[in-house]
Amino acid sequence: MTLIWVVNPNTTEAMTAAITRSALAVVAPGTTVAGITPESGPPSIESHYDEAMSVPGVLTAIRRGEEQGVDGYVIACFGDPGLDAAREVARGPVIGIAEAAMHTASHLGRGFSVVTTLGRTIGRAAELAERYGMQRFCRGIHACELPVLDLDTDPDAVKIVTEACRQAVDADGSDVVVLGCAGMADMCAVISADVGVPVVDGVSAATLTVQSLVAMGLKTSTRGEYAPPPEKVYAVGG
Amino acid sequence: MTLIWVVNPNTTEAMTAAITRSALAVVAPGTTVAGITPESGPPSIESHYDEAMSVPGVLTAIRRGEEQGVDGYVIACFGDPGLDAAREVARGPVIGIAEAAMHTASHLGRGFSVVTTLGRTIGRAAELAERYGMQRFCRGIHACELPVLDLDTDPDAVKIVTEACRQAVDADGSDVVVLGCAGMADMCAVISADVGVPVVDGVSAATLTVQSLVAMGLKTSTRGEYAPPPEKVYAVGG
Amino acid sequence: MTLIWVVNPNTTEAMTAAITRSALAVVAPGTTVAGITPESGPPSIESHYDEAMSVPGVLTAIRRGEEQGVDGYVIACFGDPGLDAAREVARGPVIGIAEAAMHTASHLGRGFSVVTTLGRTIGRAAELAERYGMQRFCRGIHACELPVLDLDTDPDAVKIVTEACRQAVDADGSDVVVLGCAGMADMCAVISADVGVPVVDGVSAATLTVQSLVAMGLKTSTRGEYAPPPEKVYAVGG
Amino acid sequence: MTLIWVVNPNTTEAMTAAITRSALAVVAPGTTVAGITPESGPPSIESHYDEAMSVPGVLTAIRRGEEQGVDGYVIACFGDPGLDAAREVARGPVIGIAEAAMHTASHLGRGFSVVTTLGRTIGRAAELAERYGMQRFCRGIHACELPVLDLDTDPDAVKIVTEACRQAVDADGSDVVVLGCAGMADMCAVISADVGVPVVDGVSAATLTVQSLVAMGLKTSTRGEYAPPPEKVYAVGG
Amino acid sequence: MTLIWVVNPNTTEAMTAAITRSALAVVAPGTTVAGITPESGPPSIESHYDEAMSVPGVLTAIRRGEEQGVDGYVIACFGDPGLDAAREVARGPVIGIAEAAMHTASHLGRGFSVVTTLGRTIGRAAELAERYGMQRFCRGIHACELPVLDLDTDPDAVKIVTEACRQAVDADGSDVVVLGCAGMADMCAVISADVGVPVVDGVSAATLTVQSLVAMGLKTSTRGEYAPPPEKVYAVGG
Amino acid sequence: MTLIWVVNPNTTEAMTAAITRSALAVVAPGTTVAGITPESGPPSIESHYDEAMSVPGVLTAIRRGEEQGVDGYVIACFGDPGLDAAREVARGPVIGIAEAAMHTASHLGRGFSVVTTLGRTIGRAAELAERYGMQRFCRGIHACELPVLDLDTDPDAVKIVTEACRQAVDADGSDVVVLGCAGMADMCAVISADVGVPVVDGVSAATLTVQSLVAMGLKTSTRGEYAPPPEKVYAVGG
């Protein structure tokens, strides 16, 4: 039995629930998924500041998971916050949803477009595309300018995101779409049917990547920079 | 039920059998794997010429698979021969073992070393690392200078490959090893235990990548260059 | 006396004849050109599948050329099919027309546009630009959406290709055009006069590159991956 | 009068004092420097985990600086922790010491070597070199394997770091050295005299970069991703 | 006391005067700036030919500066003519204005647009962006098609350049502007106020970079290619 | 009849004579080569300063060639001095020997080593490799530390260069050698026989590239930056 924790870096429980459903829908028999909401952090992640402030909560959650024998983790925000630190802390694999989504998209076509929420997050997504070697497949990153939490509440959200995907594919000459926010996970099938290209949700992709790594017995290397960090006493200030 | 064909581009049945065992060892309940040996091609692939001559056999096999409703394919030679053409021909996903191994290794550390058979295949591996965006993770490609078919018959094969892996990791400062030949698939665990880093076998990795893509309902995009190729009458000469 | 074989990877004799004329028009006194049509393969190359299926015919032709003492070869399809394998098999130099055209264009301006036939071949052209290091000069690859064999039969072909060149130069801010199909070889002068930039035909360029290499006594290196491939018995199946 | 805060991301006061001295030694008349120790965080930064946990303290410090009218900030740890978030929060410029040191080194020679503390921090330094466009100048990153706080207490520290610099320059064929830790700031002159190449300390370089930006009236752009982050209520958990 | 020579590579005295004012406006107390007009060269630099012909005059000026104990030099033309040779000849640092402007812009946002004079200079600017590692920040280079000397005499110059900046920022999605000609130095503040992004003038930026390097005691490395050139007798022909 | 001028950027007549012999040895019937020594410039080029000072002489020579109806030019120094400016001034093609040598080598193997004279010229060669897109083929640049003019006078010159080539090929794992100085042109055959790989001389390669371009009727594009430079009155100073 494989136990995967899908960690939502923001503190909005409804989003954790939706993310967990996406992950559960795709795992194989024998894989259990638990969705985790951290105890500290921002209600949604829409800036570098939000992202930085979400990381301690993510890391605390993963440390708790380690005590409970979790086999692997998904970091379920498209900025993949805290990924490197999480890999030091966890024994099993840790995968970010931007990481998994981009890798997955690269198997399906010549080039993908990312459609994300606010324009101010485009820089971070571009940085991750480069970090993962996926820059050569990433033909454009497009914002639909819907705030994260509106994805769940705006009745036109699916329509707006779908339209942004259609325009992105045309503008970029791409043949695959990557959804650039965990809050879009349940829109995949609808958009794919409408736009006519494969649409990748990072939550599903990351969960299955972790499932596969566990099946192969593969863990983050401890030779080098991802070895457990030296133990230290941290000041907790002001 | 998901049906995956693992296509061995060379015609050596014993190698197909070994590859199939590697794939079967990691798939989830509900996934069936069949190993396929093509009817034409070289007994092993150790040159660009061998690789080019293996492609028609691979494509014929996949066309046969399409008639039988196969869900996805693995091309089980580290040169990933015929991958682009196979994606045009198959409805479901097609993954090469170099592709899957390199992507997988990128999730596990800062940089990997590839250990392959003959030195003359290094150029092709480097080209694939670049194609998949994995060049930034690939710190070195090293040959153990064992011919492919000797991997199965030379009693020192495991020892020789293990030693090459150890030296590669040291020389490259890498923290993960990728095995650069389908014929090394069953050496993974031994080498990993010995060298102390994660060791990735492309056959397992590619099979699980296909399994995951099928679980998510994702197929190669038909918008653009991977659409089915125009039907034509081919001359069969001399 | 230098003997160059210009190998047309497709089986359309009329196209071989046209290609041969282009090559003959530019060679120096002392160079002989023969156009070669392979005995097997597709009538035109418009997909990865077509390209893969053309390679055995190209290689058989080159093996035959080796028996006849040919000094060097041109592979006259813009996908440069089988180039690496051909370099293993031939003693003298082998040049692809995409390779030669792109290199040549890089000597003439700051950046070139490629104008090709079908949009689905753009990915391959981009891959070759990267492989040859010409990506930094290649500002765009544009399709005129004429099938290869229509270049010869459509009365508007020159007009359509010329218009595509003009638009490409404007859109890309480029100062040179590369024609992306051997079937366009005889359109060079007309398009150049019309659009006002140098227009490069790969067939001429590749033939002269081979001529120059032979004049300098240069052959493909046999130190490393382009050494003659190990002899093997190939299965010829089904 | 220009007021620059040099923020030490770790909580070791002695290190803040040393860093401040380095900055004060180079500023022009009219520039005031204050060294800031955050209230929370690790005593030294030697892992991704340490770095992630230092960021909230850095950001709190900068928010306090904004209330006090600080003109610009230096983040004085070679991992440049929290740089993007800090740029959203501060009105004036924010510069990391890795950023400034690498840019500065690029003005002085063809290629530089970085000498840092522990080997496990090399990956982060390499990532920053790429981010800043300095990868093409960065010929190698070398660890002397001294923990950060030993730089101040180990009587052989200067000797060990100097020797690492000498070996780095020879191994890399570089002509400039970048010191990869704020704790090495006061070793610059000695090492330079000994090894015979310019040696760059990031604390001085970053402080003067901020001073120059303020002199030109330049601030972080607020058009796009570095605009002030949306205000939110953050959960403070567990 | 730091003495910086700002060398104007063209022979137009009015331009030297304007450049010198820009530099003087930003230096710290204790820094002296002298503007230098070379004795030979073109009246303005608008081609590779102009640039090549300006270099001997720049180098002669710097050799004279060396006799007078100048601490560092700015080369005040956006093509940074003669930079490498100048670094061999001068003991202190030498900075080009394209170099300084691009580095500076990279500290202020995610990506910058360059606005230059004639379109034919775009290629050189792009080459410099690459050379300095700034290509990843440089999102576009745009010409306003005003000849260099018209910047000073055309009453609409500021308006034309401002409009070009506005369009560049919109087209490129950039958040910073770099002015691509020394003759635009005094337009910075107006354009920034109008377009709403930081606008960087290379003359100020380069002068302050030199000032900072001198403050840190840093000079061009003499280990390797920037060592003083071997003394030779030069033919002065025709 | 095609007339090619091979311009030696230094003023040493013996070197012009040797270069001209190399060019003459490879051209086709119908091509005439003249070797040109400029009236001004350094006796050999071994620094950025030498190179900069050679450019006016090269450009004056080419302007004279234009008056005499020369069809194309070779710039016969491995730094390719003045190439861009020369392309503005000449109607026909202009090719540098580093440019031609590197392109040629890329047709012959997977990767080449450059062997040059003094170590201080390595940076320039690397810059050119990048500029021409040949960086991906260039595995190393090695100095034999013989001054340029000693190539002709040192009785051990061939032996020293040969040994440097052998070591370069081994160290780099390359399969082709590029000779990095026009003064080595006549060593090609000997070194190739000795080291066992193709050895490329840029003078021959560039001359034949010009010959081929002229045969195809191709000239430098005048659309954009290589258009004739605006006419100006130049100051001739001090």
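To keep things simple, chains are lettered A, B, C, D, E and F as they appear, and every chain counts its residues starting from 1.
The rule is short, and it goes like this: a contact is a pair of C-beta atoms (placed from the backbone, for glycine too) under 8 Å apart; a residue touches a chain by one contact, two chains touch by 3 or more.
Keep in mind it's a predicted model, so treat the numbers as computed, not measured.
**Q** Measuring centre to centre, with centres taken as mean CA positions, what chain is farthest from chain F?
**A** The most distant chain relative to chain F turns out to be A.
**Q** Please compute the angle of the rotation superposing chain A on chain D (C-alpha atoms), rounded to a multiple of 5 degrees.
**A** 180
**Q** Using mean CA coordinates as chain centres, what's the gap between chain B and chain E in Å?
**A** 52
**Q** On a C-alpha centroid basis, what's the spacing between chain D and chain E, in Å?
**A** Chain centroid spacing, chain D to chain E, equals 27 Å.
**Q** What is the distance, in whole Å, between the centres of chain D and chain F, each centre taken as the mean of its C-alpha atoms?
**A** Going by mean C-alpha positions, chain D sits 44 Å from chain F.
**Q** Which residue numbers or ranges of chain A touch two or more of the other chains?
**A** 110, 123, 224-225
**Q** Spell out the residues on chain A that touch chain B in their complex, using ranges where they run on.
**A** Residue positions touching the partner: 26-31, 93, 95, 99, 103-104, 106-110, 132-137, 169, 173, 175-176, 189, 196-198, 200-201, 204-205, 208-209, 211-213, 215-221, 223-226.
**Q** Please give the residue numbers of chain A that touch chain D in the complex, ascending.
**A** Checking each residue of chain A against chain D gives 11, 38-44, 46-53, 55-57, 59-60, 82, 84-85, 87-89, 119-124, 127, 130-131, 147, 224-225, 227, 229-230, 232-238.
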